[in-house]
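Both complexes shown next keep chain A, but they swap its partner, so chain B is in the first and chain C is in the second.
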Partner chain A sequence: MGLESQIAPLANLIMFIILVIMCLYIVRHFRFFWNRMFEDQRTCHQELAGDYTPSVSILVPMHNEERVATNILDRFVQMDYPRDGGKYEVIVIDDGSTDTTPLIVDQYASKFGFIKAVHRVGNGGNGKPEALNVGLSVASNEIILTFDADYMPPCDCVKRLVAPFCDVEVGGVMGRVVVVNSPESFLSRIVDMERAAGYQVNQQARFNLNLIPQFGGTVGGFRRSVLKAVGGWDETKLAEDTDLTYKLYLRGWKIAYVNAAECYEEAVTSWDMRKNQLRRWAIGHDQCFFEYFFETLKSPLLTFWQKVDGLLLLGVYVVPLLILIGWLTGILTYLAGAPSWISLFPAMLFIFSYSSFGNFAVFTEVGGSLFLDQRRRSIWLLPLILIGFFANVWVCSKAFLEAVFLRLQLFDEETPTFLNRVQEEGLTRYNRDKAPNNFHGRINNAHRWDKTDRSGNGLLYYNHAKNAEIRRNHSKRS
Partner chain B sequence: MISFGYLIILFLLVGLTILCFVWGFWEYKKPKDSGPLFIDLDRTIDERSARVYKIGEARAPELYAHSGKTISGDKLDKTTEWNHIMDEISRNRFETRARTWMQEAETIRVIGDVRIPRGEVIQYNLVVEGDLTSEADVTFLGGLHVKGRAIIGARNFLGKSIVCQRELIVLEDVIVRNCIDCKGPVFVKRGARVGMGVEGGGIASASTICVEKAEGPLKVHSVEGVRVVESLKEVVSEDLKSNVDVETI
Partner chain C sequence: MEETRYSRSLRVHRLHFLVGLAISLGVTLLVASNGFSFWIWQADMIDQLLSLAGVSHKLFTLGSLATFEVPIHHTPISSTTIVALVIILVSSILIVAMFRPIAPPIKAIWSIVAIAAILTLLWQTVVYPISSYTIHWVTIDWSCSGVINMCLVSLIYVPFLFTIKGPLWIKVSWLFVAMGFSIVWNLLRLSFVTATLYYFGGSVFLLFHYMVGAFVEFVYIVAFYSVGLAHLSKYEVSGVMRLGT
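Coming up: the complex of A and B.
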């Protein structure tokens, strides 16, 4: 029996499994696109936005944010939310900043009574989840919202975000993130398009279809009692937002998505930053994949379609690895010869080329979101997303392997080669005493704040867009 | 030997591929909408379509599309007695097979219909995956989410909000501290007050809102219109009447 005949059946099976998974993702993305474009949309209690105003604490973690701190604090000063009886407070957690961030925060705190400053000097700099937990311990109000320091919410954002909490079934809420500095670089423009698809189409459709809209870590929040009940932000997770999403759903809570609660963010502008960001997301997401896969599958509180969507969402960052395996298996089977499934070859080729070269189902979502946002000329840029896609395949595949090694505790004293390499890249071994039953790896401090070198040009680009809008309106009137 | 046809196909493939990218590079180099997507940072939601009605004002009937159309056969014969629910909760928290369980954050979830006896005080938020009927003088210290139809008995007090997926009937002198949001039609009896707390409040419905003529303002948002009537009996449909004790209405 030749090597070819031994390899072929195994390769055949692998290819088949990967194809089925690919098809599931393709169908999922098209379903979302169809729902967003042609079916009824849910708004989640937005009729009551402004009428229902519970007490709210806004947490803003900061780490060396001097370029953007004033932007966001000004936005919270101008926020259209009632302030009587302490029902509106902004808690800024300065997480060991070494620039002028503490001074800026103190200035605002001394000037405005509803802004509170928390400085973490000795033990600061340990990352966003830890900073948020410190903020949570200080917060006293019913609803906890979080915003990153580079965000710029409009005046109605908080009212819109808290409205869904009038429903006692809602444990968390998520707003829409819009990139403000899209003209800054090619990458920020690509990220802008991905964000548009992710929120305008993907999140909204998941909410419409009563699936699992995801809490994205910022421009959103939770009921304080729920957050406390699930133990706050998990400091051992790199995607603590995804972790919270699953914790809530597996306990019977819902997360509401509010498309109208839009908020500007500054996207990354360099490929190095993007790589770090993507790697952190991918490892964190894969942590959740390992932890919640079977729990999601078995949960009696989720519907069938919620389970399907939940599992596919967990596997989002595993897909690039599958594509990579698909490519390699394809080459192998070609070399080995695989007569048993040669008749299926055209279909396989179609699905693989369809999924591999940028995943056109996702492209459809991007196109749909640009159409809905009336940025139709940007659709021309769609093929260029391929460049980002190939980078994703490499970074996410690598991140998955890192997550597997960490899960299996291969990074240990007994394997110094791995350990050294990992420490060089910023991963350190997690203290088992702190979380004995939890995930075993964590990224060191420097890598937990992944967007610290922002340009701080958000306001500049906003003013540019505002002037363009004024000119457009003027020309329409005339 | 490479044939002429083969060359044409090759050129076509390469040409079409390049063509895909040319437009992208064009837009990148000479952007027409480089962004960002414009969001007015100064926008507020004060100028909304909320209409504050003084219920005492007689109004001509406005759009009144339907009532009770979505009621289906779920009668109250499957009603879970409240005492039974409390027993279940005391026995098994988070028991997944139970019809009732206690979630975190003081929330009870009930699968099936539920009837709450007169004068009961409920200290939890309540999520009902069925219909809910509360008798008179019940106090809900938390909020309510009802996936089916809800009838809130006379003189009930709700410490938070009501969210209902189907018809909601609020009987006389009910006080709801926050707000009401309902997918189906809302019927509000005389003397009911919504939005008493510092959180504010109002009634929103994706269908119609019917209120009995009375004193005092009521803030309402309705997709299909609002109607002020002398008595709710005038507007409640036959379908709804067959499911509800009409005398209570």
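Coming up: the complex of A and C.
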């Protein structure tokens, strides 16, 4: 009886604190759904896309990207953007590649004057942030955009991304990432749904409400002056994109989210790849959590709601761990007997709501995004985000502990070694060589510019490319 | 059309929202005023199901109250067995964690269930030990009825489905289908956990009652919501297509 009387109040207190924190996230998810679905949307000067054309440098770091290098470089060659006077340059940073990537890059650089190759031989392969900083030192134009090598930007992507920079307060921009290989596996469907919610609803709502839309590391960019002022990409962070987001906002800059600037990516297709990717993001994000939590709280340049959103955004990869602790303390509360306030009807309604769907409030954002994208069949898969959620609980809980260890420098290996190892494991392109049937190998070049008929419906794009290949094979046989 | 596609938003269907709100309030009042009567009916149904399953039980009804009492036998588990069980469960968590072919969701689910089992086991044997008895009556009363789920369903559907443009009959249909399923599911759930209590004892019952309930509720509440949303989007697509032509 003595031990029970000590454990019960502590379990109740922890559960209450977690309930309060989770309540904030639940309200946030529902608020974002409501804003995106029913309120006015900000388009961020898209009416100027194509008219406002500042000079732009596009950085594309590559490390053993021979399977995708041609695709993305062809897209940049055919990109709809003025080239006169060096306004448009593509800087490919060959980061210590050991395959034919350097040859491919050199071929393009020799053929097209606006493509520049930077080869890092001997001192490369230390991660994307370092490669991007090298590219930044070579870049000469006003706006710096970054794209990962395995992405597929359509021809209007660059002009849409740079349009917001006509606003002097905008220091950075982020476009929309759309998954193109959704039907490839069960996991890629789940990732596709999460992506859709994250961009179509979450990012857009944060931008509408003047909160903190986040730079996602690719399909986005900054003013070169701003990047130089904040010291470029932080090479000690696994989530250098989150780090840059907070650096900008804490210095009074804004990031614009451009829903119209879509770019297509290939989602992970195996749980192993997903786990590594999620782990990298979670550790990196948690690093930023420790670094920017109090700075965000005290910042005189952020509004109250920006601070609230900023803090909740920092904690987003801690949430799965909180939910796990909430469940376990809930069990202890159940065993020890609930406190009297729980038997009140409003409290019971709240607890039941939280237990059944509050934990998974993000499903409203997923449903809303699929509805806006007019993807009727995908809406049926909504309950499956529960499976993705369990994966997040597992990976993010472990990652938080690793981030704590990293912060306290409790690992045996040196911090840079640990970061490099996590980065290597987490970069999905390294696994592409092991997957013989990857999407890029099957894409039909003639249909690369097919834009989806429906916003964000990468599935239609995939079907076009696949059907074109089938028609081509058929015509060859006949 | 392009700007509409990327930046479109919908208009709140106020009339349908008010209808949904009225239905929601009506259901909540119904639950609040007739909750006990509903529990009496539910208890009666469960009584029949348990008798069919051969589960020994007694149903006491007194006015508007109904209570089940289920006899369970409890023999304390020896210390050795407890230690062995804890070691096995902890080892299983570690093995599952390290075994790469197992997908992360399975690892997470197994870890949560195993930790919950360890907590329950330790609680009932170390923190708050239950002494040995040959027969023990466990009561199941109205608080287990799950009737509150009716309010939960309308809590989700009214602001997130009724507000979207589309025929009212679709929204009302799926709301009542979800509520009807909730009633049936709660009948089955209560019967099942009571049978679990009878056959396997209190510890397993706690796990089942606590852990399974919330997840299954999410699955069916969101499943019916998603079907309703998909049904509505059919009308949304035809509306947008007309806009583009």
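Brief remarks on what is shown
Just so we're on the same page, the second predicted complex is superposed on the first by the 387 of 478 C-alpha atoms of A that agree within 3 Å, B and C clash if a C-alpha of one lies under 4 Å from a C-alpha of the other, contacts with A are read in each partner's own complex, and residues count from 1 in each chain.
To be clear about the criterion, contacts are C-beta pairs under 8 Å (C-beta built on N, C-alpha and C of every residue); 3 or more make two chains touch, one makes a residue touch a chain.
It should be emphasised that the depicted structure is a prediction, and the values quoted were computed from it without experimental measurement.
Once the two complexes are overlaid on the shared chain, A:Asp40 sits against chain C while remaining clear of chain B. Once the two complexes are laid over each other on the shared chain, residue contacts for A:Trp327 go to chain C alone; chain B is not touched.
Shared-chain residue A:Lys237: touches no atom of chain B or chain C. When the two structures are aligned on the shared chain, A:His63 is found in touch with neither chain B nor chain C. When the shared chain is aligned, chain B and chain C each come close enough to touch A:Pro383.
Overlap of the chain B and chain C interfaces on chain A: residues 376-377, 380-383. Only residues 45, 47-55, 75, 78, 80, 84-85, 87, 152-156, 159-160, 166-169, 171, 178-183, 186, 189, 192, 196, 223, 225-226, 228-230, 251-253, 262-264, 300-301, 373, 375-378, 380-384, 461-462, 465-466, 468-469 of chain A touch chain B when the two sit together in their complex. On the chain B side of its complex with chain A, the touching residues are 20-21, 23-28, 31-46, 48, 50, 96-97, 103-107, 109, 125-127, 142-145, 160-161, 163, 178-179, 181, 195, 198-202, 204, 219, 221. Taken together, the chain C residues at the contact with chain A in this complex read 2-3, 5-12, 32, 100, 103-105, 107-109, 111-112, 115-116, 119-120, 123-124, 126-128, 143, 148-149, 151-152, 155-156, 159-160, 163-164, 206, 210, 213-215, 217-219, 221-223, 225-227, 229-230, 232-234, 236-237, 240. Residues 1, 3-4, 7, 30, 33-34, 36-43, 46, 259-260, 271-272, 274-275, 324, 327-328, 330-332, 334-336, 343, 345, 348-349, 352-353, 355-357, 359-360, 363-364, 367, 370-372, 374, 376-377, 379-383, 386-388, 390-391, 393-395, 454-455 of chain A are the ones that touch chain C when the two sit in their complex.
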